[in-house]
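Look for subunit A in each of the two complexes below; its partner is subunit B in the first and subunit C in the second.
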Partner chain A sequence: MTTVKTTGQSRVTDSAITWLFRNHIWLFLCLAVMIFSITSPYFLTVNNISNVLTQGAFIGILAVGMTMVMIDGEIDLSVGATLALSTALAIGLQEQIGVWPAVLAGLLSGAALGFLNGTITAYSGIHSFIVTLGALIGIRGLVFIYTGEDALMVQDFSYTEYAEIYLGPVSITALTFFALALFFQWVLSSTRHGRETFAIGDNIEAAHDAGINIKRHKIINFTICGTMAAVAGILLSMRLGTAEPNAGKVWELWTIIAVVLGGTRLTGGFGSMWKTIGGVMTLAVLRNGLRLLNTPNYVELMVMGTVLILALLLDRFLANRTEAR
Partner chain B sequence: MTTQPPILTVNQVTKTFPGVVALDKVSFDIRRGEVHALVGENGAGKSTLMKVLAGLYKADAGEIIYKGQPVNITSPLDARHQGILLIHQELSLSPELSVAENIFLGAWPTNRIGILRKSRLNKDAQAALTALGADFGPNVRLGSLSIAKQQMVEIARANAFEANVVIFDEPTASLTDTEKDLLFATIRDLRDRGVGIVYISHKMDEIFELTDRITVLRDGQVQGTVQTADTDLGQITQMMIGRELEKFFHRAKSTLGAEVLRVENLANARHFRDVSLSVRQGEVLGLYGLVGAGRSELVETIFGVRSMDAGEIFWHGQPTGRLTPRKATDLGIALVPENRKEQGLVLGQGGRANISLPHPGMFSRATIMSISAELRVFENYKNRLDIKTTGPEQVLSDLSGGNQQKFVLAKWLCAEPKLIILDEPTRGIDIGSKSAIHELIAGLAENGLAVIVISSEMPEVLGVSHRILAMSDGRMVGEFSGDEMTEKNLIEAVSHRTPAAPILA
Partner chain C sequence: MESISGVISQLKKHGLLVAFTVFLAAVALSTDAFLSVGNILDVLRQVSITGMIAIGTTFVVITGRLDLSVGSMLTLLTVVLVDQHDHVGPLLAIIIMLTTAVALGAFNGLLVGYLKLNALIVTLAMLSFLQGLTLLYSGGSNVNIPNAQTTWFRFFGRSDLFGIPVPVILFLGVAALAAFLLGRTVYGRQVYAVGGNETASNFSGVSSSRTVFWAYVLSALATGFAAMILGSRVMGAQNTIGQGYELTVLAGIILGGTSMLGGSGSVWRTVIGISMLGFIQNGLLLMGFEYYVQWLVTWAVIIVAVWVDLAGKRGRVLA
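Entry: the complex of A and B
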């Protein structure tokens, strides 16, 4: 009897360990939270955690879309620029067409640009790194043309009150992030589109030979990614009440870092939203914690760079270990 | 066994590639419930034929009749839909997906809005796995299974799609004996359920164990189809060879000198064991064997790239101990690897930079490269090896395979080695350059170098060598010199049969 029980228990521990190995970023996150809780009295307060969640959520929403694209084995560098464009449209168009139509226009611009990125990548065979690098520059130019190099201001300030909706300590921005991440995790794990996204990133030839429509899946994922960038842009416009032409600059890099930090592979075929949530929150906690400790900005960058490399080394080490078995 | 009508008939199929007729009016047929072997040497056209059947290539002429109707197979997907499935040497599966997802890849059951019906998927997969007697479940991640079990997943896929014809291309190449038995049981089971099976293999004992009929291909032509029960290894070998021997007369006319290298009881735990050989000045030693026999691993172990787990190496009679590539090079051993692109050359650079690449010390003073020294050596070898290039800076990717290969040789020869090991020196290059390389090998030996040539091409190894060692499954299975060097002896040696033991099928 006892032996049966122990094996049952050890099986549970085993699978928990396996889960942690495959989602090692959560170990990092727990470690970071522990360290900052000890070193700063302000860290583990409701107010601060609420802040961390909100601050992380913008990159987080971008990362949700990026995860979809990356599991396909592609990348989208234009998310920061797309975010800026949707912010500008959502604020700039309010006077002409009203608040909600302007928001909708912002969302549609993101979806359309994502669709365009996906279509060009899927049909031309040019690597998405190049396609979306072009898009990054082009869209940013478009934003400057539209805003005329100055920040656009929202006319009706009641618009910014939407950002102040909270559920307990959790802001609407953070809620949106978590809701989207959970929804797309479900898409990844339970829909045909989601699982075929993995199949494409894992072994594109096998997927092709099995008759999976690779182009369609890639276009859908780029469209999701563009839409996510627009969602983040809309939330940012509500929070700031202004649309800066430089909004979201280099956020594509932070987004990629968050996703990769989580453990989703750049080469495709492997990843999840759980990992991405872990990566996003680790990044947000590090930034917040280092600021609470009054770390100079350049030291903060150094620490974050080091953590990224360490996390990737750990990932490689664990991957080798499982392969050796 | 009752004679069934053919389920698939290949009628006068021809396929040409630039400069080669890969298939020349090939006809053969597959019946329901038979295992039909397809044999032939490397380059005989087996793979091309299978790729035509699987929709990867389109035939230039001829027709394929399937279930009584002429068909046009346009893609692997189309072939699968029609019920023809090719199981490659390299499996085409997705390691990060589950077993069930792999079995039904591209045809997952969903509800109306695209949500996967996982329980249905797993149930169907479990049924397919149970039918095969698999001991793993549908939920396992594919990448965590052994190669043999992954192969079972491919076969389960064939069952799930109700394949009528399943083609196995060298399926046992990476299997252990027990795994092989399991595979054979599965294949027999498929056969008993009326599936027509094509079995491609180099291993004659497997063919005689498993198959009902044998079709022999040679140089793109069918040499004949025989009942396995009515034939023996001798006949099959005869059909496989048949060609006029000795198209190549480039054997070095050198006088053999002292022993240069001797290897005793060398072993590498994963690839070969108990291998002994020696080679003398002026001698060309051929190393024949099929892909996977352990030939490349053997020379890589001698050269110190792979770990040496047992045995001894002697250089001019002196034990060397464990070698590293650096030590081996210093002794005077040069290894010219098989894959020019991956291991031998930097294709984006010119000939000058490529020749000097492994010997920076020869061309530099205080780490600064001397371009004039490089140019001198470049001109020297360009003339000696008759390399067709516009100049020292022409990037090698613009050159033909034959000329690229000459640069690989130049690169190693300029260190003036005493022993040069050539791994598949003429793979993928045209006939003209081939004979130039053969001439070159003879020239090297006549100048007193010891040469080891690894080749899967029998005429090549027979044409250039003074002596041939045959390897199979990581062991030496024969040594031949003089009149014993015949295609028949080599085929029989690597097929695990001695000439004296006839096959009783």
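Entry: the complex of A and C
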């Protein structure tokens, strides 16, 4: 570090470095892309990038909802189970009520469960970690009861063709992810709901004193999170054509990893969809790249754990650095 | 009058126990098999593994932290124990496994206690990392103990002492030791102090870093004991054997009424919470409900139990 900053030049570089540190996820992403492009001839091909986007999009859509909840200072552990329930309903109900009503039912189940989680959290005062831990167990039970432990199979296979809609190399799944991320970034930065979500996560008492309706915003965000889980579930059902009762198991953990890796803080009040996109893409690139390199499964798990702790250490280092000024 | 209000306040304090007793009575009335000694011992044996882990994790939760790595840790430790049993014999295998447990706990404790990183993320990272480590160690294949009928290692999971299954004796014995450590020693007071008010405890000369560090070591050590029971019971281990244990453990601790914010709770509350989960499962199965209904009921019970507890503390139902 230079001791005296006199020229405008060094101030610019300094703020550029600070920006890069604050958005360290893009550094990670560029690094990962560079390494895999060099080490594997298959990585930087249109086909593969298209795959990465699609694979990442499922966790990505979950992460969009999770980001809203996390900026509020809450957490939702039930997204994986909610995803499985919407997948099961979307496929299982098709025979009785038709394709689109079944899809709608799947979406509504997600919204309803999110609403339930939000309402219980807001009105009982129980920490959302506990509320959604209970929901994770219970909703998974619902899925097993509904599917009877078997994978449900779609009857009309034209349903799986919706997943094959592409815009250039970008699949409908990836498009949905980016569209939702952009939309909710707009919500966060340009609407009253977004502003008040940040306010609640930053300082809940100050938000309350300022007359912000905390319960309402929390319930809305949990409902968004549940709906996002259902959207991911519907897209998964279109892609697979089956609904497995164990679908989305431990995806809530991958989702939290993606959001936190992006730089959104668990403590609330800080984060953005841009960060989440960065986190989701880094995770997807790491998983894809390591697989292209033919590394065994365990390397992926160990790299993920290490990267997560490195991101935390970097975050801590930065917090100290800003405090020291 | 005073005695009546005294009784009521006692009831409020032990609302959980009351609810639990009511539940037990209801199930006992509807099925004869439920309240037999054999069935109760069966349930206790089933919960002894989760219970053992939960005893250790209770220390971490009372300091106001979380440990999500215990499930993956249980997998790794069981795989190491079962695999080493074949190479170096039971005693050395247990020593190696417990040393590994303490090392892993110390690593968690270092990151959360001394480096003050977020406990949820650190232990989540460890969850992933340890899964990888397990696969690296085992090469992806299952391990088992070939001489299952003759090794003395079968004592921990498969034998009875005075008609009581050894896992139950171990579970309750370790619970008694842990209750002493938490309730009657200086370290125990420090655990509550750090969870209650970390800043104040630091100012009064209690090192929160050190206290948290040892809480994670205890959590890992308890997981090591659980691996002993599990390995001995199954006489083998798959690479996913401990998956999801961390959530059951937390559910039991929370159900017992230990606060996630730290500063309150006890080992006995955890023993009751974990046993409740076991008895709910067992009771529902005996009453003829489908297996997965117990998960739905667990959901409802967790919310209701914590809500009642909170409502009692703040004197009104809604937040």
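Going forward, the second predicted complex is superposed on the first by the 306 of 325 C-alpha atoms of A that agree within 3 Å, B and C clash if a C-alpha of one lies under 4 Å from a C-alpha of the other, contacts with A are read in each partner's own complex, and residues count from 1 in each chain.
Just so we're on the same page, contacts are C-beta pairs under 8 Å (C-beta built on N, C-alpha and C of every residue); 3 or more make two chains touch, one makes a residue touch a chain.
For clarity, every value in this text was computed on a predicted model and none was experimentally measured.
Chemist: With both complexes overlaid on chain A, does A:G211 touch subunit B (first), subunit C (second), both or neither?
Modeler: It touches subunit B, and subunit C stays clear.
Chemist: With both complexes superposed on chain A, which partner does A:R195 reach: first (subunit B), second (subunit C), both or neither?
Modeler: first
Chemist: Based on the superposed arrangement, let me know which partner A:I145 touches: subunit B (first), subunit C (second), both, or neither?
Modeler: second
Chemist: Taking the superposition on A as described, I'd like to know which of subunit B and subunit C A:I219 touches: first, second, both or neither.
Modeler: neither
Chemist: Which chain makes contact with more of the residues of subunit A, subunit B or else subunit C?
Modeler: Touching more residues of subunit A than the other partner does is C.
Chemist: Could you look at A:A284 and tell me whether it touches subunit B, subunit C, both or neither (first, second, both, neither)?
Modeler: Touch partners of A:A284: none, neither subunit B nor subunit C.
Chemist: Kindly classify A:A247 by the partners it touches after superposition: subunit B alone (first), subunit C alone (second), both, or neither?
Modeler: neither
Chemist: Taking the superposition on A as described, I'd like to know which of subunit B and subunit C A:L136 touches: first, second, both or neither.
Modeler: second
Chemist: Could you list, by residue number, the parts of subunit B that touch subunit A in their complex?
Modeler: 75-77, 80-81, 92-97, 101, 105-108, 110, 114-116, 118
Chemist: Which of the residues in subunit C end up touching subunit A in this complex?
Modeler: Counting only subunit C, the residues touching subunit A are 111, 115-118, 120-122, 124-136, 140, 243, 247, 250-251, 254, 260-261, 290-296, 298-300, 302-303, 306-307, 310, 314, 318-319.
Chemist: Please name which positions on subunit A make contact with subunit C in the complex.
Modeler: 120, 122-127, 129-131, 133-142, 144-145, 250, 253, 256-257, 260, 266, 296-306, 308-309, 312-313, 316
Chemist: Which residues of subunit A touch subunit B in their complex?
Modeler: So the residues of subunit A touching subunit B come out as 190-193, 195-196, 198-199, 202-203, 205-212, 269-270.
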